[in-house]
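Chains: A, B, C and D, in written order; residue numbering restarts at 1 for each.
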Amino acid sequence: MKKTESGEIIRFGVSMDEVLLSKFDELITSRGYTNRSEAIRDLVRAELVKESWAKGKTSQVALLGLVYRHEHGDLMHRLMHLQHEHAQLIISNLHVHLDSDNCLEVLILKGPTETIEHLAEQLLSTKGVKFGQLMRATTGKEI
Amino acid sequence: MKKTESGEIIRFGVSMDEVLLSKFDELITSRGYTNRSEAIRDLVRAELVKESWAKGKTSQVALLGLVYRHEHGDLMHRLMHLQHEHAQLIISNLHVHLDSDNCLEVLILKGPTETIEHLAEQLLSTKGVKFGQLMRATTGKEI
Amino acid sequence: MKKTESGEIIRFGVSMDEVLLSKFDELITSRGYTNRSEAIRDLVRAELVKESWAKGKTSQVALLGLVYRHEHGDLMHRLMHLQHEHAQLIISNLHVHLDSDNCLEVLILKGPTETIEHLAEQLLSTKGVKFGQLMRATTGKEI
Amino acid sequence: MKKTESGEIIRFGVSMDEVLLSKFDELITSRGYTNRSEAIRDLVRAELVKESWAKGKTSQVALLGLVYRHEHGDLMHRLMHLQHEHAQLIISNLHVHLDSDNCLEVLILKGPTETIEHLAEQLLSTKGVKFGQLMRATTGKEI
């Protein structure tokens, strides 16, 4: 494995009961992993991302998914207005017309934990928004 | 409230202890709700969406978020290849260059529960993908 | 409905599309609810409990479940030692011998959010503990 | 490390970027781990337990936590009745008087995924139960 942008690759040993290991191998094979190291790195990274949100890091990346009825009163204007008030938080938007009534909108957010969570709450509570969820992702740095 | 695309609006009564109700009012006000009905509808919808995934419905909408290093070997080709094998599942993609190394990609997926979850696993286990998560959303129909 | 220990019962109206309402009725019937009010109160309470943990309240109740191999080195002593260091947090313990090797232990914890979470981490990371999870419950007050 | 009840101990190598590894070491130290192997085994086990519930295994162990007002109508009788109907599922119970009104009850359940989840829903939907949650644990076998 060659050097990455982040640092040297270190190799260390892990001990595991053969029964546990064979169950793990079975699981990761079914998920498409071709080696254990990558599966273990993914578990480690997922844990670090979760921790970074619990600790309220100042630089986060998140996805906000919203499903709404586009014809609901002035919903479009209110969503647009809220987004423009926080324009510096929103990297980009993707909009999909799910059917004649329903839209899916995805916002890519970058900023501090609290600011992202507050904007998400404001958008989710807007009348006409039927579904909303925040995916707490990562900048990809240091992991 | 006028009629929606779905059906008539029905009004029913809910009984609640005043202490519980005042805690609820406080919570929803802080989240930006202007009335209780909408907050309650959102709780109900969220529960129905969760249930529909648990029951394995055949028509779902989901967002898959991936953070990866674009220069990682032939990752771009493998991701592209996997996506084209499942092209009928993927409505659209949004790509963001997070920094010189890291990319964020969002896939909008539509299809049966199991097929979506299987594709998500295959993409998440691809080497070079640092973070991946599936947001189980909704078509917006009937809710 | 008679008065509870908490306060007066208030009745208020909720508006809901008939399609959404019929899906909700179907869901709660399958879960054993006999009326909507109780199902809605449960959704509201669950949301308040979740919020109270997110906000780090000072008086919480939690369950910690641990599955471990009782013969693993000095595990029993270490678990006992850790618990006695935090005796004021632990209301009681329930122990079940799952099979010849495995034990299940449940700790009922009462105290501030952070102290509970810290003790849980210390117990979960003890070698020999195979599974551990914290259920963030409630004192039941005000909800 | 000596042999366990389950099988031989196998040692294998894991490659990790030094930046990722140092973040991981920092996280696990703060959680009280004294070596990486145990932290990695715990991540692996947690993933296997989650998977076993998603796949609906026939032999599971779970904890059900309930908080309720003991004086709520005939709640005690209904809870008792429901539990006796499923007596073969319930290994034991722990009851704590939280205050003059509120009780915490913990049920240790053992059985098939679906049966456990169904009983949990029936108990949670009982009127007077303010909070209920199911902790999906493990028999401890093979992990």
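FYI, a residue touches a chain if its C-beta (ideal position, glycine included) is under 8 Å from a C-beta of that chain, and two chains touch if they have at least 3 such contacts.
Since the model is a prediction, treat every value here as computed from it, not as a measurement.
Novice: Show me the overlap between the contact partners of chain B and those of chain C.
Specialist: Neighbours common to chain B and chain C are absent.
Novice: Per the centroid of Cα atoms for each chain, what is the distance between chain B and chain D, given in Å?
Specialist: For chain B versus chain D, the centre distance works out to 26 Å.
Novice: Counting in whole Å, what is the centre-to-centre distance of chain C and chain D, each centre being its mean C-alpha position?
Specialist: Centres of chain C and chain D (C-alpha means) sit 11 Å apart.
Novice: Just curious, how far off is chain D from chain A if you go by their C-alpha centres, in Å?
Specialist: So the centroids are 26 Å from each other.
Novice: Would you pick out the residues of chain C that each touch at least 2 other chains?
Specialist: In chain C, the residues touching two or more other chains are 4, 45, 143.
Novice: So that we know how the chains sit together, what is the shape of their touch graph: line, ring, star, complete or other?
Specialist: Topology of touching chains reads as a ring, each chain with two neighbours.
Novice: Which of the residues in chain D come into contact with chain C in the complex?
Specialist: My answer: residues 4-5, 28, 30-34, 38-39, 42, 45-46, 49, 61, 63, 65, 67-69, 91-92, 94, 96, 98-104, 106, 108, 121-122, 124-127, 129-131, 133, 135, 137-141, 143.
Novice: Which bits of chain A are touching chain D when the two form their complex?
Specialist: Residues 1, 4, 6-21, 23-24, 27, 36-37, 40-41, 43-45, 47-48, 51, 142-143 of chain A touch chain D in their complex.
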